[in-house]
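In this document, chain identifiers A, B, C, D, E and F correspond to the written order of the chains, with residue numbering beginning at 1 in each.
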Amino acid sequence: MTEKQSIRVGILKCGNIGTSPLLELLLDELADRKDIRVRTVTTGSKMTLEDVEDAIPKMLEFSSDVLVTISPNAALPGPAKAREAFVSSGKPTIVITDAPGKRVKADLEKQGVGYIVITGDPLIGARKEFLDPTEMALFNSNVSKVLAAAGVYRIVQQEIDKVIYAIGAGQTPVLPRLVIDITVVRDNSVFINPYARAKAMAAYGMAEKVADINALACFVEKESLKYIPLVASAHEIAQAAARLADEARETEKCTDSLMRKPHAKDGRLKSKTQLMLDPTFDEGTQAN
Amino acid sequence: MTEKQSIRVGILKCGNIGTSPLLELLLDELADRKDIRVRTVTTGSKMTLEDVEDAIPKMLEFSSDVLVTISPNAALPGPAKAREAFVSSGKPTIVITDAPGKRVKADLEKQGVGYIVITGDPLIGARKEFLDPTEMALFNSNVSKVLAAAGVYRIVQQEIDKVIYAIGAGQTPVLPRLVIDITVVRDNSVFINPYARAKAMAAYGMAEKVADINALACFVEKESLKYIPLVASAHEIAQAAARLADEARETEKCTDSLMRKPHAKDGRLKSKTQLMLDPTFDEGTQAN
Amino acid sequence: MTEKQSIRVGILKCGNIGTSPLLELLLDELADRKDIRVRTVTTGSKMTLEDVEDAIPKMLEFSSDVLVTISPNAALPGPAKAREAFVSSGKPTIVITDAPGKRVKADLEKQGVGYIVITGDPLIGARKEFLDPTEMALFNSNVSKVLAAAGVYRIVQQEIDKVIYAIGAGQTPVLPRLVIDITVVRDNSVFINPYARAKAMAAYGMAEKVADINALACFVEKESLKYIPLVASAHEIAQAAARLADEARETEKCTDSLMRKPHAKDGRLKSKTQLMLDPTFDEGTQAN
Amino acid sequence: MTEKQSIRVGILKCGNIGTSPLLELLLDELADRKDIRVRTVTTGSKMTLEDVEDAIPKMLEFSSDVLVTISPNAALPGPAKAREAFVSSGKPTIVITDAPGKRVKADLEKQGVGYIVITGDPLIGARKEFLDPTEMALFNSNVSKVLAAAGVYRIVQQEIDKVIYAIGAGQTPVLPRLVIDITVVRDNSVFINPYARAKAMAAYGMAEKVADINALACFVEKESLKYIPLVASAHEIAQAAARLADEARETEKCTDSLMRKPHAKDGRLKSKTQLMLDPTFDEGTQAN
Amino acid sequence: MTEKQSIRVGILKCGNIGTSPLLELLLDELADRKDIRVRTVTTGSKMTLEDVEDAIPKMLEFSSDVLVTISPNAALPGPAKAREAFVSSGKPTIVITDAPGKRVKADLEKQGVGYIVITGDPLIGARKEFLDPTEMALFNSNVSKVLAAAGVYRIVQQEIDKVIYAIGAGQTPVLPRLVIDITVVRDNSVFINPYARAKAMAAYGMAEKVADINALACFVEKESLKYIPLVASAHEIAQAAARLADEARETEKCTDSLMRKPHAKDGRLKSKTQLMLDPTFDEGTQAN
Amino acid sequence: MTEKQSIRVGILKCGNIGTSPLLELLLDELADRKDIRVRTVTTGSKMTLEDVEDAIPKMLEFSSDVLVTISPNAALPGPAKAREAFVSSGKPTIVITDAPGKRVKADLEKQGVGYIVITGDPLIGARKEFLDPTEMALFNSNVSKVLAAAGVYRIVQQEIDKVIYAIGAGQTPVLPRLVIDITVVRDNSVFINPYARAKAMAAYGMAEKVADINALACFVEKESLKYIPLVASAHEIAQAAARLADEARETEKCTDSLMRKPHAKDGRLKSKTQLMLDPTFDEGTQAN
């Protein structure tokens, strides 16, 4: 495969969820993958219809082979507009969103887009008495740690990879239809130690609780004396969840059984556990 | 000011450093800022000349009022190309990069671009035996926590805000020329408690050490038995630094003196310490 | 008041929730309270109708002035039988139970019993592959720490104390009608430091999540390979919640502002913050 | 065996030690044991002669097959009275108590009662400037964690189980005569990892030290400025001991070798280590 | 005072306790004290009569104005010989030792030597299956942290300083007669926060327990299967005590009230709390 | 070998580095080694030429078979004088020093002395606003933990042992020429678990960073408002490094694979991993 034949992956981010900031990096962590080229366009933290419409054309001009939109609540007009445009372009389209996105699952299926709903990618505590750029970044750091350690990022990456592999092989890709809740985390875990898995699942469950409390704080409670303690407590849970996510990995380190699944240059996944050994192709690894 | 008059901020990310993933979000953490519109284009983890040249036109088409490039090592051909293109566009241009970027400071000044070099935004342990998408994400999470808690993200955001304010006021912006080392972290800290500040500085110092060890592991050592322990130890330091960054904030929480500096809707910074109170404009806050 | 005139408090525990084991001790932590005598009868971990019917007469023979039943899920036949018997005895009766008890609130009100539903007193992971006496005790330890530090035990104790005070004053007691959720924890907190309160609330919210996951594991999932990871993750959350509960108190210790509210010998509550000072009666403390 | 033939276990708690609150639950952690029925009567935190005499008849009316008293300092009149009454009833009687109980060992043997003295079940810091219901509960939580993790609860439960099994088999039970000090904890540990055992022993040793310091604070020092720091330091040790107890279990989790010994429905103990496997009867497990 | 007039302090270390390794450094932490010269002679870890007799002459040749011996168990022949020789030299002599040294208090007083017995400077777990150079060093690190944070090193240093000051002032020094137990730690604490003090006291109490367990393991138990778990548990307590000692300081940092008492160049102590301010002489500080 | 034939090891400490306080103890941790006698002379924290010249004769009078000097910065006049005197004595001489000592490596080789330069034995934060005896001791405790856990103490001890063995065998010893940097720590690690090793290396790397920051604070910054935060942050890193050093050992404990290498009575090293087993001579262990 020459570089000319790279699959082009286009990602439109509007607004932000915990899976957004690192999404394109997950596909090519060593920056040496020969089979893809990734382009991302974002509208920053805003996700209004106006913002999204401004960004869509640029995204489309990149002539991607597969298109991904990622945003909070896929039911909102901005994200909805983006996926309509992408579907219209005729390219395979994947929607990634958080728990409220579950409500539009039927619509998404009707539109023929793939989707990944991440129930443990929680709403931030978006109250002006609490959230400043630093707090926002720390929350993202904590959520990111949970989603990475719990294997959610890996699930997302592998779903996109599958589509890439199919396109690379000249096949019609099967798009994901996936709601990642705690049972999906459980069933897709690559931890060897069952307690490590339990800790990672616990961290993910806690992230789901963060979402519940922040929704109460942001959409129900109206007085600052009522909602400030709630957003503050939700972010405390996020921090505790991040610590537990670290613990999951530490537990696995103790027996040198931490699974790593780096991309080979041709885009396939290798895997390994013992730290000092080389990663190898799993039997049956799908080539591109 | 009507929304029509928003300042447009364009950000090109090529490759990734710890300041990249959240950069545009730092400018508008509550997604309600009326004075700016932000558009980002990225080339994913790759930063070759070819990738960057592919992305530059899209970035320019967004007609930004200020342009930012962020990448590892600003001396490389890709990032260099981007900033040449941006300077040629006549728009104020700011380069954000990591420690190796110090080497091109003179060039940057000659070009008339602003720059922010972040010595504690460390090189990742990019060795295929170690780095997979999950490890990459966890490293970013740890680095992000350090940079946020140490105030580095706030410094970067305030420098870009200053340029935005100047453009909004019809003035010629003064572009930043800043190398953020541990003494800059010290001198720009908003911690009230001196031990909290010391912990944040310590975390930042540790991040600098991560950079040193990873550079040794990625560019000097050639055998995997030599470099794997080094990248693994560097990432352990990153994790320990993240914990210390958390500790800095926890120390400040004890006296309810944690400073928060959210953006008002008009883009100005408010600030507060006591959690249950409202943020207020600092005296002399620059309006837009 | 002579000791002869002590108010007699009778407590029937059938089955166990996290509030059960220490309940009577909360009323008289120094064992020197002159205004009450407490007697408890329990049926151990079992709560069948047969067990409860066996225990009720003994409880009634103690001639209590106020009767308390505490059990999981107050809707079950055993606990239901106990409160019917107590109501029939004509004595003021209070039901304490966990989240599923919310479903019988209307019934409880119709019966004229007081109730306290504790949503964050979670179902244990009662699966034979996981729960042994040691794990059971550790779970109770963790839950107990959360409920104590979050102020839930204090709320329960104060509600019972209010009834005791009323009886002691020859008044008809007003019985509690209280669902203790995270907002009640928030509104009844005695933490001075708002971050300490947020941490305690967070711990409580996590305990609610424990309940959700254990309900899924105990009542929905049927295969051990499915439910073991769930109960294990729920208990990990309980442990993390206990740590956060400790953190809440530690935060308050830092400014020597930890509130203590011991009972005086006459049953009234005193209170204090600075460790080295004596507790004093709050202004307006209700005497007995 | 039909349920009619259940062995009836009667427990009288007067006053409280760390082993008291969960004692009956340890015997039937899944609430599904067919071979026993448990009834408990308590006098709350008080343990005066008058309180105990009031409770004894109710306990006896439950017609237990084996009787257990648990209290601090078995030498005091209240507990002494209870065991006299139980011995007079002709039923096998077991006394469970804390370190001061060692002094009456000879008397207990003369009376023919079994006894378990737990040297690491420490006196609480019962000083009114320090102890309120919340602090009492937290102390119990910490002590409970230590006793559970160190295997002390299991030893106690197995000793009672042995008596139950003997009665069920129509044999005369051999009553325990056991002082559980750190060497007994060592010799009865079920940890596989020797460092896990060492940590659990360490936690237990720390609990013994808590007892020493609280005895000094409660019985020797007379001025609040002298005894407050002592009770506060003792409770700090209890908290540190609980953390170390957690660590012991965490260490064992790392190799998935944490021993679990749940009761089967017929009352026998099963055991297991690997989390995902079923518990099995140990070879030679005594049936009932 | 010219340097010629420096007071000469001679220290003989035979064998090692936790106070030994840093003893002379405590007197001159900044190496700029003009009023003293310190010379130390040690016999390494050995403390036989032969070793001590070999070292005594060298110590005496340094013509010290005050002589200090420090060793485990001052009752042993080696240490006894050293203090006899020092007393014979006519110089003021101070003996520093651990708990077993209490037994020779009367002798020490008769000899006219000063003494400091440190009950929380614990015997090491000196069993060949456990102790290697690394474990020895880690144990010393942990003990050292406890003794430093609990203020024991400061008490020792101040007692020696008092003698130095007296000699410098031409007075006959009053030698210390001090058994440092937990109540002495309490009464000499310089923590502002009472919880910080309680934590430091707790750490010290734990160190006393380490001594008890190691004495059992080293002098009573004879089989390795019996004593290895004991020494291992004792060292676990030492590690936990060191963490608690750190916590004590961290608690104090939260309000920036950590007391520091550096030596001025003239040997007097200054003191300070707020980190960013200069230390000052306490009112009434004794000059030399 | 009779005791008469013991090899005599003489150590002169002038000034202090983290390897100094425990150095002689590392050679004979159980105080039962028959093949050596150790004598140490120190000048306390001072290391002026005058102090060292005062101490040298006493050191030489001990008629040592091998001489060791240990001090900060071996380039300074005091340490330089000591090693000249030792070389002149004709005895094998080893210099142990910290990072600045690297500058005199060539000189040391010319003099024929052996040397061990420890780059991670960091300069203390010697500023009078920060350093008091307690802070000094805590810093030493933290550094000591890092150097012990990272294996640096063991490397130093083994180098000296090699010289002792050679002398004992009547051979001319080969003196060490060793700069212990992070790669030497890596290559000499005895950790079985590669993550444990990585943590230990990380701790060591952090200690190197402590040195850098303290050098900036002590030798470059002149204003207290500039240098206090730096020394405070350096000591925070030292504390974090000590925690990571503990973590390295804890990781290894999880699989009961912690290596111990005690000295046998004849001075040879034994080794073991499983805690409950006896240490044995490694195959090929060099006898004396």
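Operating definition for what follows: a contact is a pair of C-beta atoms (placed from the backbone, for glycine too) under 8 Å apart; a residue touches a chain by one contact, two chains touch by 3 or more.
Not measured: the values here are computed from a predicted model.
Between chain A and chain B, the superposing rotation on Cα atoms measures out at 180°, rounded to the nearest 5. Using the mean of the Cα atoms as each chain's centre, the chain most removed from chain B is D.
Interface equivalence for E-F, evaluated over A-C, C-D or D-F, points to C-D, where over half of the contact pairs coincide by residue number. Per-chain CA centroids place chain B at a distance of 49 Å from chain C. Here the CA centre of chain B is 40 Å from the CA centre of chain F. Each of residues 194-195, 198, 228, 232, 254-255, 275-276 in chain F touches at least two other chains. Inter-chain contacts occur between A-B, A-C, A-D, A-F, B-C, B-E, B-F, C-D, C-E, D-E, D-F, E-F. Of all residues in chain D, those touching chain E in their complex are 182-183, 186, 194-195, 197-199, 201-202, 205-206, 208-209, 212-213, 226, 228-230, 232-237, 240-241, 243-244. Residues 193-195, 198, 251, 254-255 of chain A touch chain D in their complex.
Against chain E, the residues of chain C that register as touching in their complex are 250, 253-256, 258, 274-276. Per the touch definition, chain C reaches chain D in the complex via residues 13, 15-16, 21-22, 24-31, 37-47, 51, 54-55, 58, 61-62, 126, 128-138, 140-142, 144-145, 147-149, 151, 153-154, 157, 224-225, 228, 232, 239, 242, 246, 249, 260-263, 270, 272, 275-279.
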